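Chains: A, B and C, in written order; residue numbering restarts at 1 for each.
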Amino acid sequence: MVKHVVRSQMFTPELLSALFKRADVFREVVDKGQKLDLLTVLAGLGMIYMFWEPSTRTRLSYVRAAHLLGMSVEGSENAGEFSSTIKGETLEDTIKVISSYVPDVIVMRHKQDGAAERAAQVSRVPIINAGDGRGQHPTQALLDVYTIQRELGQLGGLVVVIGGDLKRGRTVRSLAYLLGKYPGNHIIFLSPPQLRVGDDIKEYLAEKGTTFEESGDVEGSLRRSHVVYWTRVQTERKVDGEEPVPQNIAEQFIISAKQMSWMPKWSVLMHPLPRVNEIKVEVDADSRAAYFRQAENGLYVRMALLEWVTKS
Amino acid sequence: MVKHVVRSQMFTPELLSALFKRADVFREVVDKGQKLDLLTVLAGLGMIYMFWEPSTRTRLSYVRAAHLLGMSVEGSENAGEFSSTIKGETLEDTIKVISSYVPDVIVMRHKQDGAAERAAQVSRVPIINAGDGRGQHPTQALLDVYTIQRELGQLGGLVVVIGGDLKRGRTVRSLAYLLGKYPGNHIIFLSPPQLRVGDDIKEYLAEKGTTFEESGDVEGSLRRSHVVYWTRVQTERKVDGEEPVPQNIAEQFIISAKQMSWMPKWSVLMHPLPRVNEIKVEVDADSRAAYFRQAENGLYVRMALLEWVTKS
Amino acid sequence: MVKHVVRSQMFTPELLSALFKRADVFREVVDKGQKLDLLTVLAGLGMIYMFWEPSTRTRLSYVRAAHLLGMSVEGSENAGEFSSTIKGETLEDTIKVISSYVPDVIVMRHKQDGAAERAAQVSRVPIINAGDGRGQHPTQALLDVYTIQRELGQLGGLVVVIGGDLKRGRTVRSLAYLLGKYPGNHIIFLSPPQLRVGDDIKEYLAEKGTTFEESGDVEGSLRRSHVVYWTRVQTERKVDGEEPVPQNIAEQFIISAKQMSWMPKWSVLMHPLPRVNEIKVEVDADSRAAYFRQAENGLYVRMALLEWVTKS
């Protein structure tokens, strides 16, 4: 059976644990300077990436992961502008043609919700969803959870503050889904009132028995946290006819040394990157600032995922 | 001597037969799951692609073919926008520089008729023409003929309906040239009166002794066909000051289940893809619909071609 | 210690000599048709390129160099348009993330002066500067000097005419720096009065004891030359509020057969390419026209450089 990675709901704690173990192994080999040994892991296999929405960072992470394992890679980083899409070809047709080039996995990113699911229905080879619309971004969630595991040593019993723009971020959505799979987590959704998290996530968490609260109190939330997962609150942009967030509220959602002083010693600050000014550069030197380690973790987790989907 | 692939006229039936045999071999190795064995075929060799006109599909097919055979690949998928072309460099200079990077083959696509021929005159390494202007697209013709061979088991004695927009398609032009090399073929050029095939092709076929007719009767043509090669008739676009095709005529050039019922059991429906609505999705399930198999055939034929131009 | 290649000042004559020897070795292997042997030189290592300013030619030369040595390569050829840069990410953050993907070298090109220096300060892996702003282009200078060495057999005691637009070209700047490292060179800066070389370069040469003069006399300069390094004088463009160069002056800065007749037999004509009309095509056949050989030299010098930065 072809293994697709379309939604973060598919990851069981057992599967996550197995993937994280392989990620650790790959990291160790790299750290020892033995990259040459990795080239045989997936030698002869090939990845094609199709990004209808550009994302240099995510794309490079996948391509690098594939290359480290010895795969060949080709693809389009701006499929929406260059490819047959302009001529009116359907997503289904494109995927059928691409999968006829006998790749061993297709990694795709798309602007439309549910695009990866549609692709999976017609593809002969595994589809990995690297983000579709406002929907899912399961591999980002995977590396986020892997980072929590590595930084704190456990995935349950945590107070996780998810802060910033909770209305739009697909990152936030996929992460909340995964956290709901572990017992004892409590999520604090910390946002301006204009940018609250969607009802579907709250319903999902209620169903899973994961407690959560919504808050606008930055200091109170940070003081109770094990994990602070931060995203950007924008003031300049008015989306979908909503009211923009007032400047004075938005400023509360910036992390500087002062906000770090509210966080416990054992806690960790994460961010999906890129960041603009929502975390000040002065914070980078704090050992609890985990966002660059988080980016690196993405590489190893993607290596594990590529191996999992292509090997039985 | 350097082997260039610039025009479809260069392919003799003997060469085509040899290439198709190699394509079959490559397919078999892939189907058996032994891709790893292919990596040594062209290991150490390199391909550079230069696409002055973007074409994700064609480009990916070539890069995938090269990677499967163990070649390294680099290139530009939008050479017209990014490269020295903007600064006013001639095609000849660009090709001289690119060929000084010691690739073993250059695959190029260009907007201007005859660009590949000009490139071949200054290149130290083989040039493969992946389409130039309204001129030639010899590798598309190659995979079309390979598909007919695989689907019907013979390349002569066929009634081939080439339907749709015959005025512009370089695909149609190159295919007609190749069909003229086999005895007993009869071509029906089926198009609206506004989009008839050019005189140069008709003169070439007359010279080769290949019979042909021009028709506007879809049902009558399809009922007599062994091969139906379909392309899109556009109504919205007025090109070169021509009259646009009226809506009621254009609608006759759409293939649905009804049109398929006119085609004989043993016939085959082909299309260079992408398709928009000129072949309805309902047709895909019909075993005579060969267009996705045709795309896959392109991969294997390109592998055979890369081997042929780079090995003596 | 991580070896960065940021400014041409870093190259000592000893280092240049060592690099040129390796470049010669790589060329010899390629010329013998033994590319396969090169694949093991840097097998298992990886290069990431980040071009905030597109340059198909330079990028292809680097990627080809890396591939020939067995490296894997990925990157972005239009990082300014596609990547997180648009979202407001700093260069430093981008480099930190990219270097966390454990490449063995990052090759970058940027629009801003000093960008490569900034990148080197935060990168865990070697940075190679493939051009930043109006500042430096050290690898172009490297291949220019390598070309002089190969064409004339020595790097000191030469009269080098650097002609054309000396105000903007970063190529010119980096080359002058390197020439100042060898004894006995005399540089003639030949340009229209509007496009004279910057004071910083003149001060540097004075400090190094390299004699130079500024001239507007094309014939007189060419008659005394060992090396003529040519760049384009544009008339149509008015930059930074300067006066454009008058047509009759600009025409004096075009090399045709007549200008070649002024150059000594043993001299050599170089150009960083692309050229437009500042060197006529009729000149290409002259054995002293070295610009296409110069482009090829770039490949081998980059191979040597990649090996040097990634191996201890």
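As a working rule, a residue touches a chain if its C-beta (ideal position, glycine included) is under 8 Å from a C-beta of that chain, and two chains touch if they have at least 3 such contacts.
All figures in this text were calculated on a predicted structure; none of them were measured in a lab.
**Q** If each chain is a dot and touching chains are joined, what shape do you get: line, ring, star, complete or other?
**A** It is complete, because no pair of chains fails to touch.
**Q** Is the contact between chain B and chain C built from the same residue numbers on each copy (over half shared) or from different ones (under half shared)?
**A** Counting which numbers both chains contribute, under half are shared, so the two copies meet through different residues.
**Q** Taking each chain's centre as the mean position of its Cα atoms, how many Å separate chain B from chain C?
**A** 40
**Q** Quick check: what residues of chain B touch more than one other chain, meaning two or more?
**A** Those would be 73.
**Q** Could you please specify the touching residues of chain C with respect to chain A in the complex?
**A** My answer: residues 43-46, 48, 72-76, 79, 82-84, 87-90, 93-94, 96-98, 100-103.
**Q** Contact residues on chain C for chain B in the complex?
**A** Result: residues 30, 35-36, 38-39, 54-57, 60-61, 63-64, 67-68, 73, 77-78, 273-277, 281, 292-293, 295-296, 299 of chain C touch chain B.
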